[in-house]
């Protein structure tokens, strides 16, 4: 099996459309930027106040005044612009971001998302996650299908505190691509080296399996 | 008797304090700018998006992109800046303007102000007047004491539609300087060529006359 | 993704009869002259226009009024236009007057995804009639709703192909906030440049808000009140 | 009216024990280093700090934490600071976590005279607990209140003697909005210039919001996560 994360972010990258304004969450979602199809042009938003995030800098290019929302040093692309946190989240909340890709602890049949805290563990804060899921036009979850301990992350109902209710549009894991619909979770595609049964086995939520399920 | 308007705006100018950010309404209030005491520095706000309004331009300086809220061509002073209407009124509403000077149709004992419409006459709109009276820290009314027809403008109770309730702090006319207090209208000063009785005669509102009434 | 249109005619061809359009400008300063004129030539009807003012009789929105293309005008001050007055009196046009700061803030709320807000402006006046009011920390406020439109026509000084805009002097006014609050924002600029040419720290309207951009062929920039000193 | 202060010490001398201070910055980027350090040296106590993050253990707000100068922290994310965690667990410090966009918008409302607003952020989560909610046009919103402070410490790139500020790259972040929402805003800049030297169309924070301004003697600009490509 290929590297799980590589497979996930490559599949997510195929959801990008020419002209999209995209916010990539911290961690695995950030890697989606490395797989943007060559024939399309997207603009990356960083909620700390930048539209037009470029690749990481070379040593010579490092600028302490230029970081992304993960606090990593980055560069800007030509035609980028900067704005305040208030303007940045006005942009997010106002529905101007076409797509955000985020990680998750749990997602459920209603599209509820939990990705900011585990009760009993230390509370770090939600940062901009609640704003992004409430505001972005489309929310894609990029995550490994199960927990490190082998448990399910795609549940009938989230048990952790929510980041937002009914906010997820699509879930991409190393095993499957699952769409959140009014009727429930629809299995759109499975990985080339797995089976529908295998995906179901690793999923607590009920999956609706249409006649045609694609492969990726 | 000196020119009424000149007397009014000169007296209003004495209310300015060093460092004040001031919005001058259209018409007579604009003339206050010509009488700023030499030893103080104030900054003029124009609600269409300029802090640092300068004098009218010379013919050579005229710039169609540079006007005041009265739509007159103006200039900028060094250290001025421009901003959007949304940011401009955030500034006004947020209490950042120290002082606004406005004209009035009627003012009353509670400090209610009517200066934007006369029922039955054509309705032009309130522009920024309602925002200014609701937001500026101090509202001074600069107006002639009575109507052209000889009627009173300082009333027990406004009869015209209000621009704002309990918003006026000080009224300056060619006859008197009147402070609006919780107890009512207090006569602070009278013009050098009038009497308290004369002011009372031209005022429908009850005036509280303290032991000492100044002259201007 | 190409945002650049060659002509204002191409832009206004997107606007159907009955559309709601925000139009930037304060008086005649900073108005999208070319888009307004193209709209007049095309003859699009039954428009609802949201703009701080209504132009003068023979320039700006006044030209659309004279051609009877408006159904409704939402503005803060409309005093400079006789044809407008006539159409209000005869009932040909609806008018809604909103305090200038509330107009700007309602548009900002529309663009920023705010469901509504409490403002002190207009409390105790006709503006508050029929609206929810609330006392917060001893001060009285009126509830106001967000305002959005199908289209926004904005005018900037310089823009790039990605839709980033900068404005000049008080020609900025309502343009940046309107750019955020429409389904389709169309910007006209005096100079269209390549991405990277504008200082990224000085851009006022990020390109994300602009769907189409065009360079206006010419600008009259008419002055409403020419006031000079000697 | 002279807004210029010579030293950060003069600025922090204005701040009494128990004050509420907004501090600009995102992570360690764009923080008012000199004002924070002067505050630490002065030893002002029982502070409530409103800032997106809490610094790291030995830089930024982390230094105030280590010196036990904070009573309460209002932030959106505080994950990078072990001393902060320890003080939360022992109850030495109160913490209030707010979604980043709601934090920014509450501060904006504080500066803009808005009495409160409805946001979709946090609806259906713990953030909405105990708050008014409302369905507007079929969408659910939470009511949020404005946020103000006694002081705002902001960091800009360049500023003039009138208090006008411009920022550099993502060091802008919370600085402009915080500058609007405090009784007394103190700005530190890398370069202080004469009025007229900054492009008036490019100024981000108008001087009206800034009571005092000073040029910081030096900036470390520590990098939190140095990430490079080969």
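Labels A, B, C and D are assigned to the chains in the order they are written; within every chain, residues are numbered from 1.
Operating definition for what follows: a contact is a pair of C-beta atoms (placed from the backbone, for glycine too) under 8 Å apart; a residue touches a chain by one contact, two chains touch by 3 or more.
Worth saying up front: this structure is predicted, and the values here are computed from it rather than measured.
**Student:** Which other chains touch chain B while also touching chain C?
**Tutor:** Where chain B and chain C share a partner, that partner set is D.
**Student:** When B-D is set beside A-D, which has more C-beta pairs in contact?
**Tutor:** A-D
**Student:** List the centre-to-centre spacing of chain A and chain C in whole Å, with centres computed as mean CA coordinates.
**Tutor:** Each chain's C-alpha centroid was found; their separation is 36 Å.
**Student:** With chain centres taken as the means of their Cα atoms, state the distance from chain C to chain D in Å.
**Tutor:** Roughly 33 Å separates the two chain centres.
**Student:** Taking the mean of the C-alpha atoms as each chain's centre, how many Å separate chain A from chain D?
**Tutor:** The computed centroid separation for chain A versus chain D comes out at 28 Å.
**Student:** Send over the residues of chain D in touch with two or more other chains.
**Tutor:** Within chain D, residues 105, 108, 112-114, 119-120, 157, 167-169, 172, 200-201 contact more than one other chain.
**Student:** So which bits of chain B are touching at least two other chains?
**Tutor:** Where chain B meets two or more other chains at a single residue, that happens at 76, 82-83, 90, 92-93, 135.
**Student:** Work through the pairs of chains, note which ones touch, and then classify the graph as line, ring, star, complete or other.
**Tutor:** Contact pattern: none of line, ring, star or complete.
**Student:** Which chains touch which?
**Tutor:** A-C, A-D, B-C, B-D, C-D
**Student:** Quick one: which bits of chain C touch chain B in the complex? Just the residue numbers, please.
**Tutor:** Contact set of chain C toward chain B: 26-30, 52, 75-80, 85, 88, 95, 97, 99-105, 107-108, 119-127, 157, 167-177, 204, 221-230.
**Student:** Can you check the complex and tell me which residues of chain B touch chain C?
**Tutor:** Contacts found on chain B: 46-50, 55-59, 62-74, 76, 82-86, 88-90, 92-93, 112, 122-131, 134-135, 161-166.
**Student:** In their shared complex, at which residues does chain A touch chain C?
**Tutor:** The contact residues of chain A facing chain C are 18-19, 21, 41, 43, 45, 51-52, 76, 78-83, 90-97, 134-135.
**Student:** So in the complex, the part of chain C that touches chain A is made up of which residues?
**Tutor:** 1, 108, 110-114, 160-162, 164, 180-181, 194-196, 198, 200-201, 203, 206-209
**Student:** Can you tell me which positions in chain D touch chain C when the two form their complex?
**Tutor:** Chain D residues touching chain C: 105, 109, 112-120, 134, 136-137, 139, 141, 145, 157, 166-169, 172, 199-202.
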